[in-house]
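Here come two complexes built around chain A, the first alongside chain B, the second alongside chain C.
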Partner chain A sequence: MHDPLLFEQRPHWWSDRRAELSLGAVVAATLAGVVAMLVFVVVQGWPSFAHNGLAWFGSGGSVDQQIKAMFLSGETGGHYVYTFHAWALIWSTILIVGGAAALSFVSSLFVAVFVVEFAPDWMKQILHPVVRLLASVPSVIYGLLGVLVLVPFIGNHVINQADKASVSHIISLSGYSLIAGVLILTVMIAPLMISIFADGLRSVPRHWLEASQALGINRWRTFWKVGVRAARPAIVAGTVLAMARALGEAVMLAMVSGSVGFAPNPFDGLIFLYEPSRPLAPTIIQNIEGLSSPPLKHTLFAIASVLLVSAMLLSLAGWAAKQPLKRYAAA
Partner chain B sequence: MRWKRLGLATALGLLFVAPASAGAKTLIGSGSSVAQPYLQALFAGYHRVKPGISFLYTADGGNAGVKDVQAGRSQFAAQTRPPLPSDGGTTYVKLFLDGLCIYVNQQNHLANMSLGELADIFTGVRTSWTQVPSSALNTTIDAVGRDSTAGTFTFFTAAVLNGQTQGSNVNTLASDGLVANAIRQDPNSIGYAGLARSKTPGIKRVSLGGVACAPQFIKSLKYPLSRFIWLVLPTASPDPDVQKFADWIRRSVPAGEIITKGGAVPAFNKTRKHRKH
Partner chain C sequence: MSGEALTRPAVLPPRKGATEASSTWSRMDRLGLAICWLLGVLFCAIAAAIVIFMMVQGIKYLRPSLLVTSPTAGFSESQTGGFLDPLIGTVVVALLGLAIALPLGVTIAVWLTEYGRPFSLARATESTIEMLAGVPDIVLALFGLLIFSSPILGFLSRSSGHVVFGRSFFAAGAMLSLVALPLIVGSTREGLQAIPAHIREASLAVGKTRFATIRRILLPTARPSVITGSMLGLGRIIGDTAIIVVLLGATLTTNPAGGTPVLGVLKGTGSTLTSFIYANSPTGEANQPTKAYAAAFVLLLVVLALNLCVDLIGRRRKAVTWSS
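Right after this comes the complex of A and B.
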């Protein structure tokens, strides 16, 4: 027979203290890994920044020719060339990520409001798992749909011959375009936004909405003024997360955006949307074969460090934006 | 007790497995992604001949593969361009031939063009099909090519553009497959890819200077964009098994058949003699 007193005094092998220490060690190791990764990427990319200074972020010359010159200088064993002006890639990133985030934000907010408040129960039961499933679809599948369906459609049916001829000496309007990248990226990040927005809207206490309706205010106005306002921290969090995913998207954009280091010009009119471009992340994928060339390797790491720092700044901005909204928080 | 049993079972298992794998050897290679499909078929064919030899190949690009051989990380590399001065310490062995074909959409009537016309298209001098009369098109030319770090791009710029800069109106894609797909979907498109892509439906090959991109003209090197696929070995201490593998690819009848089936052209292989009835 066990002595109950003795049994209680013997510490369990997985005591609270041990759990605390072990989990703390795991968290510390993870943090150390993240910091080590950041330091490694920045150190590897530093020679590219050091050679170009702030001009690294500016414009000047063809970015594709600069990449080619770097690659050849490393391969032929001569003097290394480091000249690189990334503006065309940065501008493309801003346009594609910004455009997709804006489109996705508006559509996701309305869809989330509909799913949470207005959809009939049977539809909610279908929409909920479908949105979750769409949020987890690998990006390469969206890329395939883009290459096989959207890009040929834009190239053959949307862009006319006059538009193609007007810029044919500079770029080719063949469907691989800014608008293809924006549209597919919107479809990719919208389910993530809808999912987080809907979770935030569901957590709004029901009696807040009922109190508003009791004052004679209709459902739409109640939900918009009370529900959406109370869920604003979740809306900010969802937007930041979706933008971070968009910023790092490489495979799909390498397949549909055109893969030309060209900065689309809004003053070109509607053609601007059909112009090809290549953001920062796909540039790394497309030039991965050039890692054997030291100057190109450092430049690709420099691009990676810009992406990492941008993601961190985005996260920081999201946190800062949430602070004054906390007073509206539902939970 | 359970751990002891598990350990014993593992040790016994190893005793039985070890003799079966004794003498087995894995050859490590890296390099060209264009050559990868041919090599994978050749690896499988050679494994049937020499069951003790297996292969581990990483398609990290021809140039990276050469660097791997120089650093001792790989025992061999596959490359699609001829040797450069920076490839010191390595030996290039010709394996078989490939043709860099010029493809247009099936709807395009163009059947033949000169190297000069092709260079004009890819440097942005000719941007409309009206400037290439035999195409019977009056639309803009949508030129597609490969990334500037691809071995295929290096070969194309040297052989066609004579080192000139490729036009900014050329849409660059990440693989031969994407190039073939872009041409298939766009009636105004023209691009370059390996002979293996000639089986893609909806696209057709264009002759250069009256010479078709076909195995017989590639083998005789009459086709102007014929190129060798090379095996790169360390000059100082090449692995004898890799050398035997290279000899097998170059000389044997089955290897020649595998190369042909894959869409490339055997350069040195003997052919099977057919009996006369």
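Right after this comes the complex of A and C.
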């Protein structure tokens, strides 16, 4: 027999308190999972850092030969080789991500200002879906277009024979180049920048702009001196977040950057733009079959942990930079 | 200022032509505006070029037979078959990823907006989700390979003896859900935050518990936001390549592990449209650019359709407003 008080005293199986606790537990578990990911990846990469010390980030020897030696030493199972100097890959990452971020920053700022303030309504209605479209095209399609359209174009029409001959004893120029990677990456990260910039510019209180215009400053100057300055947090955040995105781009760059562990030198003149290289992220995807070899596996995880830590720091910085903007909502 | 503007009653909204024309600006300012126009038109041109070029290539190379035949190894276009398996693979991976990301994302968003205590855990969660959005997918792929090739999770992929392969639809779907998670959390949170406090208070006042309020009132109201977030997440899952290439194995055809009908496929390896394009690009192993173009066209159509859905939902969402 049931106790008549049963239904009144015992809380419902899905009571409020339990609901809060179980939701909180799911959240905490997800949190723990992400932290575990950070720890796992760094721990797996540690042997590579431990064997090379700070020279891991330095230059020396050919990266491609080092990767090959590591792979072979893992296959034979004897004495593992860990020597790895990633500077060529890091330098390529800096050039491509930096170049794309710089190009994208300038164009995104102008486009965001245009979309928010100066474009006529019909232009705004075109630009919104255009930005969304560019943001949602998968990276592999960008890569395919790069490899089948942009790379042959650069190889056949932009680089002339004299240029090719001048560096033929070091590296062959075929169109797989720094500039191809930078240009496509610019188009890929610009939508992210534009949308964050535009959100920030829109949240600038209208009366600040009106006050400036009331003093006789024209709309253009007003918007750049007041609007863009007030939206600085969003501009910093957008740039940083887009850089984090660019840093992790592996597939497109694996397709167009040329996949040679080579560090283009800007002091050689503009020809460095046409030279192939390979950033950090594509290195992982192209050596993924080498995971069976322990030293190469640890090295790939070391590369991944460098990417992970820098991307996490960049995202966190972007998130922190965005916080001051919330004040404007109250203003 | 003309006299007409001064005598206009103050209550009238500013007229359309009330802002000053750019012809009164200095030359530098007008140059700046010209750059704005140039870049705006340039972006439109790039987008149009991508869509039109892909459409031309798609119409040229896409045959209905490609959609229903499986890829086979071969050296010429007539031998290599179509991309039925990648098409199915994309659907499977998208469903798996969403099946994990949707409940998890909604749970996190609900907890963050409706409970959010202790405060430190809420802040930590917020920043972790933010960080997760920035984690490169190739790192997620490596991490996935690490955990799914551990013996404990061996039942989720092919294994021989003590060696766990670690590559399967399960593994890829689980890692892809992490790609979609931040988008779903962000969109759901926005939707929940847009619901005014008096709606919650009204529900609590008639004796509903907080959880009943969430389940019966808040979530149904925020449904368009949840769907928008899922669509955005779905777009990211479908478009992702690195995780697929690493975690789904390098086989072009679906390669089930074991005899169980559905479970075997999920435990086995396969391909999706993105990995098919990657393998068929000139830098890939199969190298059949015309097939890659056809598959890329299909992929682009799917992504555009998802975009359209988000647009339609967004328009409907704007129609619902709270009277204050």
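Just so we're on the same page, the second predicted complex is superposed on the first by the 290 of 331 C-alpha atoms of A that agree within 3 Å, B and C clash if a C-alpha of one lies under 4 Å from a C-alpha of the other, contacts with A are read in each partner's own complex, and residues count from 1 in each chain.
The rule is short, and it goes like this: a residue touches a chain if its C-beta (ideal position, glycine included) is under 8 Å from a C-beta of that chain, and two chains touch if they have at least 3 such contacts.
No experiment lies behind these values; they were computed from the predicted model shown.
With chain A as the common reference for superposition, the partners chain B and chain C occupy clashing space. Taking chain B and chain C in turn and counting the residues of chain A each one touches, the greater count comes from C.
Touch criterion met: A:Gly155 reaches chain B, while chain C stays clear of it. Legend: residue contacts after superposition of the two complexes on their common chain; A:Ser62 is shown touching chain B, with no touch to chain C. In the superposition on chain A, A:Leu307 makes contact with chain C only, not with chain B. In the superposition on chain A, A:Met255 makes contact with both chain B and chain C.
Once the two complexes are laid over each other on the shared chain, residue contacts for A:Leu145 go to chain C alone; chain B is not touched.
Of the two partner chains placed by superposition, only chain B is touched by A:Asn287; chain C is not. In the superposed pair of complexes, A:Glu75 makes contact with chain B only, with no contact to chain C. Chain A residues 147-148, 254-255, 259, 285, 288, 291 lie at the interface with chain B in one structure and with chain C in the other.
For chain B in complex with chain A, the residues that touch the partner chain are 33, 60-64, 66-67, 84-86, 124, 127-128, 139-144, 147-151, 165, 168-174, 178, 181-182, 185-189. On chain A, the positions that touch chain C within their shared complex are 14-16, 19-20, 23-24, 26-28, 30-31, 34-35, 37, 40-41, 44, 107, 110-111, 113-115, 118-119, 123, 126-127, 129-134, 136-141, 143-145, 147-149, 187, 190, 218-221, 224, 241, 244-245, 247-251, 254-255, 259, 281, 284-285, 288, 291, 300-301, 304, 307-308, 311-312, 314-316, 318-319. Contacts from chain A toward chain B in the complex involve residues 62, 64-65, 67-68, 71, 75-77, 147-148, 151-152, 155-156, 161, 164-165, 168-176, 254-255, 258-260, 262, 276, 285-293, 296. Across the interface of their complex, chain A is touched by residues 19-20, 22, 24-25, 29, 32-33, 35-37, 39-40, 42-44, 46-47, 50-51, 53-54, 104, 107-108, 110-112, 115, 121, 124-125, 127-128, 130-140, 142-143, 145-147, 181, 209-211, 214, 235, 238-242, 245-246, 274, 277-278, 281-283, 289, 292-293, 296, 299-300, 303-304, 306-307, 311 of chain C.
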